[in-house]
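To keep things simple, chains are lettered A, B, C and D as they appear, and every chain counts its residues starting from 1.
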Amino acid sequence: MLDKNGIAKRIAQEVQNDFYVNLGIGIPTLVANYVREDIEVEFQSENGVLGMGPFPFDGEEDADIINAGKQTITTMPGASFFDSALSFSMIRGKHVDLTILGAMEVAQNGDIANWKIPGKMVKGMGGAMDLVASAENIIVAMMHTNKRGASKILKKCSLPLTGVGCVTKIVTNLAVLEVKDNQFHLLERAPGISVKEIQEATEGTLIVNGEIPEMNI
Amino acid sequence: MINKKVNNVRDALKGVKDGMTFMLGGFGLCGIPEKAIAELVKLDVRNVTCISNNAGVDDFGLGLLLKNKQIKKMISSYVGENEEFERQMLSGELEVELTPQGTLAEKCRAAQAGFPAFYTPAGYGTEVAKGKETREFDGKMYVLETAFKADFAFIKAWKGDAAGNLVFKGTARNFNPNMCGAATITVVEVEELVPVGELDPNNIHIPGIFVQRIFEGKNYEKRIEQRTVIQKS
Amino acid sequence: MLDKNGIAKRIAQEVQNDFYVNLGIGIPTLVANYVREDIEVEFQSENGVLGMGPFPFDGEEDADIINAGKQTITTMPGASFFDSALSFSMIRGKHVDLTILGAMEVAQNGDIANWKIPGKMVKGMGGAMDLVASAENIIVAMMHTNKRGASKILKKCSLPLTGVGCVTKIVTNLAVLEVKDNQFHLLERAPGISVKEIQEATEGTLIVNGEIPEMNI
Amino acid sequence: MINKKVNNVRDALKGVKDGMTFMLGGFGLCGIPEKAIAELVKLDVRNVTCISNNAGVDDFGLGLLLKNKQIKKMISSYVGENEEFERQMLSGELEVELTPQGTLAEKCRAAQAGFPAFYTPAGYGTEVAKGKETREFDGKMYVLETAFKADFAFIKAWKGDAAGNLVFKGTARNFNPNMCGAATITVVEVEELVPVGELDPNNIHIPGIFVQRIFEGKNYEKRIEQRTVIQKS
């Protein structure tokens, strides 16, 4: 089973050369730590920066330079700052190549829910609705089940949606799944996890085609 | 040069009244109009509607107005950092309209630019689209969103001049430029008011025409929400 | 009778302190020369400059700094440059206080035509349609009649419109007119011009109320 | 850093074909992509649609493509400076779509920003609104305008870097920033290509994400259309 860093590490393999990437809050933010160093990638944060670098050294942090998770950051040579409208022009206009975000639920038709639990928790959608409505390449980073063991990989989302029919790939602590033709397709198992365990943790229709390789991370 | 300079935050907020709608720049606590918020607490204006991406934290930013129960309604995209907010919202004391972040930015920009409405893909098929017109263009579905209407916009810039020209720093820019001129009166606080002519005309982020009042604030706290640093080894 | 500079001079009296003003091509451009020096005014040009100054000294002209009439210009302290979208945000968003433009025809309902003579001349509307659709304070600078003596101050425009019901004031070589309640109201006569001459040159309904003063220019 | 640099104008225009739609920055002859236009003449691509505020003059700018009869259709706001243009238009050789200037800018910006359509007051009640949806918001009438679609955008900037970041100068900025990223491929020519990291991240007018190819042009003519000067006394 993967921990959060393991999920981030596996997702990092999906990041290709010359990609502009938007990383959501939580596990997605960790992805930056694991991207191959021999490829060129630029990270966009919707609060208005392109070309994010690592966290600053202690004492060099600047309150005016943060990412969408409100964390202090640095920038790389060639970085730029811009306003929120232009930032979402990048997102809505499909200039960002890859969007990685977290989810509470994903359904086999590609629906995603990640912003609200009615009556209990309302954080808000932030930029997620804009991202999932426009991005053509969306990877979801999430736990396969909730704390009580119930599947979050569903036939149909039970929570209020963030976007419809938009998720194409999911990396969980147990597996890599493709979302296609109203089904989940098992692509890879997490180290030490059996197909059976994944099947048991998946409420939606899961297609297992032939031998399923273990992730190489 | 048309002079927008006022002497202090008190003069800058003249005309602020109960029941008004305010826009406030900032993302989290980054780039928020600290001085205007402090003055709003002092003036104790009530039943106001605030349009701002976030709602501050319990003891800073818009959290100060929330704690003081001055806010009737919040229009935001993300409010996950404020416990008092969540309490007031879940108890029904506070009206909340959650709006996708890009839509929020564009509703400000539409007001600034004189567009009454625009179609955006964000929120289609979700709660956000409820009661709104949806429409297909080139095989994809979009939601019709309308421009915000606000009485005051409270903006924080890095540098500015008496003509109202503004320059922002880093990600403290965020919603601030999009809110300038998007309300009846745009009030700007800057860290440094420079002589007119000092700012490079090529690098002015917001021209003074979008600004009604400008003043220099002192001793900005600029609190960091998530200090993430690497230890030098 | 006024010449072009006379019209510009009269219009300059309409420019008030703290006004942002957009000047169209032709006579309107001349208005800048006659604005009182004791008031603060900033000139906007829709090609992307706020805070225009006078023409440059010979040898100091810069091909990258022009007005909407493609003339080389200078800028005043506090000027700014911006893109076309932001420029029209100023115009459409009603941030410009006064718009002065030329016209081929104006009708008594406030319609204006100034961009096209079907089959003969098509220059295009440039920024005029945006300006007249949004501005609340529009002054038209024009000749009262065409070269053949026919009135351009009409019951109804015959040429393709630039905007509907938008003109509130007209300054011609003969008169100052207000457009209100589907009528032209004569406010002032040009020096040496009689009310009768203005009536004869005006095809639209012209209201003459009491003694009409001569312009003070 | 994602590298957008190409060696020359020939490489920058790879893929340009007959029948395509191009966007070209510039206002009059100010800020036009001189090198791209010269190469389009050389490549002799034909039946193209050009979206550009103006049509150049008879012997410079887009006038060169007009003279060579490469343009099937022009989408512009003002074309009063070009006799060959008027001749081709009145004779019916050239298809012309005249669009209010602010609408032209916003149709570019909408394409850049992923908005399919927006409502604008410009052109309501005129020929421009013919066949278009009109609609009332708050007692005022607006026209529905849709985003442009183009294959290439040809942009002229002052300075740029290999990451595609751009800075414009003076009023040569005009439509150029609004057209970046508004076409499938955005090609930028700059007067000076500077090392990555040299441009101030706070003062980049267009971030590199909107640019696919960038190159440095030499010996810009930058012709002045209306030289208006005051004699020093």
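To be clear about the criterion, a contact is a pair of C-beta atoms (placed from the backbone, for glycine too) under 8 Å apart; a residue touches a chain by one contact, two chains touch by 3 or more.
Note that this is a predicted model, so its numbers are computed, not measured.
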Does C-D or B-C have the larger number of C-beta pairs in contact? C-D
Centre-of-Cα separation between chain D and chain B, whole angstrom: 33
What's the distance between the Cα centroids of chain A and chain B, rounded to whole Å? 28
So what's the Cα centroid distance for chain B and chain C, whole Å? 36
Touching two or more other chains - residues of chain D: 106, 109, 114-115, 120-121, 168-170, 201-202
Where in chain A do residues touch at least two different other chains? 81-82, 85, 88, 91-92, 134
Chain pairs that touch, by label, are A-B, A-D, B-C, B-D, C-D
Chain B-touching residues of chain C, taken from the complex the two chains share: 18, 20, 40-42, 44, 50-51, 75-82, 85-86, 88-96, 134
Complex contacts: residues of chain B adjacent to chain D: 106, 114-121, 137-138, 140, 142, 146, 167-170, 200-203
Would you pull the chain C residues touching chain D in the complex into a rising list? 45-49, 54-73, 81-85, 87-88, 91-92, 111, 115-116, 119-130, 133-134, 160-165
Across the complex, what residues on chain B touch chain C? 1-3, 109, 111-115, 161-163, 165, 181, 196-197, 199, 201-202, 204, 207-210
For chain D, which residues count as touching chain C in their complex? 27-31, 53, 76-81, 86, 89-90, 96, 98, 100-106, 108-109, 120-128, 158, 168-178, 205, 222-232
